[in-house]
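Next up: the structures, one after another.
Below, chain A partners chain B and then partners chain C, in two separate complexes.
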Partner chain A sequence: MDTKLKKRIGKIVSWLLTFLLMLVICIPGLWVVLTGFRPNREVLAKPAIWIPEELTLNNFAQIFGFGAEQIAIPVPAYFTNSLIIALTSTAIALLVGMSGGYAFARFRFKYKDTLFLGLMLSRTVPGIALSLPVFMIWSRIGLIDTKPGLIIVYVALNVPFTIWLIDGFFRQIPKEMSEAAQVDGCTRWQAFWKIEFPLAKSGIASAGIFAFLTSWNEYALASQLTRSTDSKTLPVGLMDFTAQFTIDWAGMSAMAVIIIIPALILTFIVQKHLISGLTFGGVKG
Partner chain B sequence: MAEIKLENVVKNYGKLEVVHGINLDIAHNEFVVLVGPSGCGKSTTLRMIAGLEEITDGEISIGPQVVNELPPRKRNISMVFQNYALYPHMSVRENLGFGLKIAKQSDAMVEERVGEAAEILGLQELLDRTPAELSGGQRQRVAMGRAIVRHPEAFLFDEPLSNLDAKLRVQMRTEIKKLHQKVKTTVVYVTHDQVEAMTLADRIVVMKDGWIEQVGTPMEVFNHPVNTFVASFIGSPPMNLIPATVEGAEIVFADTTRLPVPARLESHISDGQKVILGLRPDDLTPEGHGIIESGQKASMQLTVDLAELLGTETILYTQINGQEVLGKMFDPREVEPGESMSFNISLDKVHLFDAETQKSVRLG
Partner chain C sequence: MSRINKSIPFWRREQFTPFLLLMPAILILLLVVLLPLLFSLYTSFTGYRLIRPDSLYNWVGFRNYERIFTNANFWYAFGRTVLFLTIALNLEFLFGLGIALLINKITWGQRTLRTIMMFPMMFSPILVGYQFKFIFNDNIGILNNALQALGLSDGAIPWLVDKQLAMFSIIFAEVWMSTSIFAILLLAGLFAMPRDPLEAAKVDGCNPWQVFRHITLPFLMPFAFIAMTIRSLDVARAYDIVDVMTGGGPAGRTELLWTLIARVGYDNSRMGQANAMAYVSILLSIAFTYYFFRKLIAARRYMGGAD
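Now for the complex of A and B:
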């Protein structure tokens, strides 16, 4: 009876702690979403209005040009740029990650460990420290304010991570599976696509999400390397809401929501592959 | 359904040579077992036959065709791996049918062959499960099923039973033997377990450090080991090997114990030759507890240090020449440690090896 009570109290306490922790993590995000649906005058009111009195879609309507007053921020262009840049750089980073991860997991070659370590160490340099050299080189070869310019930077940013993650997943798949498939009549390439790829899918999917989110949310480098609607991405576009003396908090929040939504959708789509995980009933007894 | 031929096959990993020019002829439908301690190159040899490892030098042919340059898929062999390597994302049915599907066989054909294999191996009830839902023995069976559906030229097995517990291992051993009788095909089977080798093989290939030490039927290898390595590797408990010197018509141990030279080996040794005497525990038996009581015999008074009861027989630990030596007591009675007994040595069964070359003196 006594221990039962103790257990129950322990459970309640741990729930409370979890709830508090989640609250701390979620409140800023929720606050941004909430602000996106409130009129600016309420957001800026002094004394502050804590409980929203009025919810509106006006901020979104304005962003997409349907509002009463037009704003001069080309969100659709930013959105398109973001999508093209994030998707392309993710696709490339995944391709490189898959080839690299497979090579590291399966083959022996000279300087393999050094190379792997080098890749990981490249991530210890903060991206922003590279922004000046990259800026200088890019401006010489005309990549400033272009989508390819940003795509290359993001691929470089993501590749070490995708290689590392995908390598780990291929490593878990015994090489005998590919060999069994080859004995069963597959070419090496078929064995990869029919056996190893499906088994490493969850790893590749998670690498993809991370790469996409990194590119989608990146601000520091993009703000240096982009200028115009040719290449500006959504996070950079957020700063358009700050005029010289005013900040359109509500508009900015609405746009933040727009940035969040595709990322959320993608995560949900890919999530099911993450959970499916690896069940290696194929080996051992 | 083919013979397999290895001619001077060499394998290097970088600078390291792990298989040193081996020759082997495997007959049509023969069950050949490669046996040897871990690291002796058994798997490497098997994988070269399968085409999973490149051959550094030499020639391998399957049937009439030299396969050196052929990828595994063109060799028409199938292989069962130590860890089974079942495809975890496919059902048992899909695992079995995978090879046929890749070969673009018709659905009807795939179904027929899968059904046939499932029946042979008793897998009918399991066809819709995934490998994760199977026990060790069942996985083993699926792996064998996957090997037989394609009706290949040869089966290659790489230590297929080593992941099973002792009881299941014995059971599956029998099943593999039965399978070979049902599905007559050439089999190359790798194991480090000499009991498996003895029970399964038509012919045993004993390997060590990348060399073939001896090839022969289980009986030949057991009764006529060509050197001390094969002598001690095949048979359990292993053969006792005791260094000695030939003095006239006697074999003398360092502690001056003497045995007469077995008559059948007289012509193979010379006076003063340093030899190693090989004596199987079965041939060192206490008076009245041997199997064969005829033939040339010698006797020795020995002290039993320890007796290990196995039921139908007892293993006796004793010493000759200060070295631990094992004997066997058939139809056993209670033995007290420290008890002194009169042992018979069946001289007809004694082996002699040259101390320098470690080779049987019968080989000159």
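Now for the complex of A and C:
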């Protein structure tokens, strides 16, 4: 009887804690999303208006340039820049990462551990510290404020982690499968594309999503290497709002929503693979 | 054998294949990371200023390093950064462990909870910063509004202006963003845990705390160190948060090493000095990563021995 009661109390306590935890995780984001749909005067109202009296798409219309009021921040340009830069750098990072990850998973060679450690260490360099020399060099060779300039940097940023993840996914596939295919007359290249690649495909896709998000979210390097609408990305553009005399909270929140949405959708798709990729590569690697 | 080897060029040989496959990765990292870092190492020994390009050839020896090591502001920022990392990483580990244990107990809706838990991890640091800048805003922030509505405070608490509160707010944002990495990896560890030792310990009369302390925790440590290693790879993400939330203010009270680098390098255009500081920050990051990586390997070996 006593232990039963104890168990029940324990269960209630753990549910309460979980509920509290979810509140802490969800409320900040939800509040920003909600603010994106509210008119600015309601956001600024004192005393605070808790239950929205009016929901509007005005903020979104404004930052995308239609609607009665115009704002000076070219969000559509930033959005296209972000998309082009993130997609291109992800595609290149995946190609480079696949070939590198395959090398680590399937070959034994000299300096393998040193090389792997070197790749990982290159990722530890803080973005802002790396931005200084890259800024100096890029401005000499004319890559400052161009999309290719940022794409190259993001590929380098993503390659180590992509290799780590893809290495783990290739290792999960038994070596014997491609060896059997080679005995049956496939070349190694054919065996890769017909056997190993299809099996590792979902893992590679999740590595790609991870790389995309890194590029999509990056700020420290982008804030120094971009100047104008030619190459500014959304996170850098978000800071445009703070440069104005008064902060347009509603507009800024609307822009935040635009940055969040792809991240949320992609996280939902990738979550399972990411966990297995991280733990596999780390523990058994 | 050697005659065959001679007849095919060296890049077609079997032992060269992995290097060929790794060539693109090595090349791009050489180009974007290693060469620039060598260049910045050189620059850190010059008096280079952005506004005077010819000062790039003005060799000053160790003067930049001398100057930053005798500069009180630099040491404050350095100390603050180490303190910030220590507090944030420990809190993230503790909260992550708590959350993992909590969610491990729950059977209904566990998957949904796990997915929700992952969201902060995918948020752009700049968004996390903005979000908390908004929440902690003294005038219209939801936190002050809530405190006032509940009658817990009548004035506007200056969360981002007061020096201690500003540091607290930044740590809060950082912990909010990164705890989920720990929670998720520790949860994966709990799932992977074998049941037998737990049963055996219970039969032998261990109490729950002893079971946790001597069986669960050692088993989870490698997972914690993976999380620590992943985290220490990008500790400098905190730059984004601080840059949005306080910009290093009030009066430099939340200035971390990374924001100081940006200020000296870009705002004051003293590239030489900024590069010297950048080198200190790189070494700091490498030290953190190396430390946790060693711990990870040690913990793995310990686990292998226990098996």
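We take it that the second predicted complex is superposed on the first by the 246 of 285 C-alpha atoms of A that agree within 3 Å, B and C clash if a C-alpha of one lies under 4 Å from a C-alpha of the other, contacts with A are read in each partner's own complex, and residues count from 1 in each chain.
As a working rule, a residue touches a chain if its C-beta (ideal position, glycine included) is under 8 Å from a C-beta of that chain, and two chains touch if they have at least 3 such contacts.
All values derive from a computational prediction rather than experimental measurement.
Asker: If you stack the two complexes on chain A, which partner ends up touching A:M177: first (chain B), second (chain C), both, or neither?
Answerer: first
Asker: If we overlay the two complexes on their shared chain A, which of chain B and chain C does A:A61 touch? Say first, second, both or neither.
Answerer: Neither partner.
Asker: Once the shared chain is lined up, is A:C186 touching chain B (first), chain C (second), both, or neither of them?
Answerer: A:C186: touches chain B, not chain C.
Asker: Using the superposition described at the top, determine whether chain B or chain C touches more residues of chain A.
Answerer: C
Asker: Touching A:L199, do we find chain B (first), chain C (second), both, or neither?
Answerer: In the superposition, A:L199 touches chain B alone.
Asker: When the two structures are overlaid on chain A, which partner does A:L87 contact: first (chain B), second (chain C), both, or neither?
Answerer: Touch partners of A:L87: none, neither chain B nor chain C.
Asker: Check whether A:Y219 is in contact with chain B, with chain C, with both or with neither, and answer first, second, both or neither.
Answerer: A:Y219: touches chain C, not chain B.
Asker: Where on chain A do the contacts from chain B and from chain C line up?
Answerer: 278-279, 282-283
Asker: What residues of chain A sit close enough to touch chain B in their complex?
Answerer: 174, 176-177, 179-188, 190, 194-195, 198-199, 278-285
Asker: For the complex, which residues does chain A have touching chain C?
Answerer: 14-15, 17-18, 21-22, 24-26, 28-29, 31-32, 35, 43-44, 46-48, 50, 95-97, 99-100, 102-104, 107, 109, 112, 115, 119-130, 132-134, 136-137, 152-153, 155-156, 159-160, 163, 213, 216-220, 223-224, 235, 238-239, 242, 249, 252-253, 256, 259-260, 263-264, 266-268, 271, 274-276, 278-279, 282-283
Asker: Residues of chain B touching chain A in their complex?
Answerer: Its residues touching chain A are 50-52, 71-73, 77-79, 81-89, 98-99, 102-103, 130-137, 139-140, 146, 150, 163-164.
Asker: Along chain C, where are the residues that touch chain A in the complex?
Answerer: Against chain A, the touching part of chain C is residues 15, 17-19, 21-22, 24-26, 28-29, 31-37, 39-40, 43, 48, 99, 102-103, 105-106, 113-127, 130-132, 134-135, 139-140, 142, 145, 148-149, 176, 180, 184-185, 188-189, 192, 222-223, 226, 229-230, 232-237, 239-240, 243-244, 258, 261-262, 265-266, 271, 274-275, 278-279, 281-282, 285-286, 288-289, 293, 296, 300.
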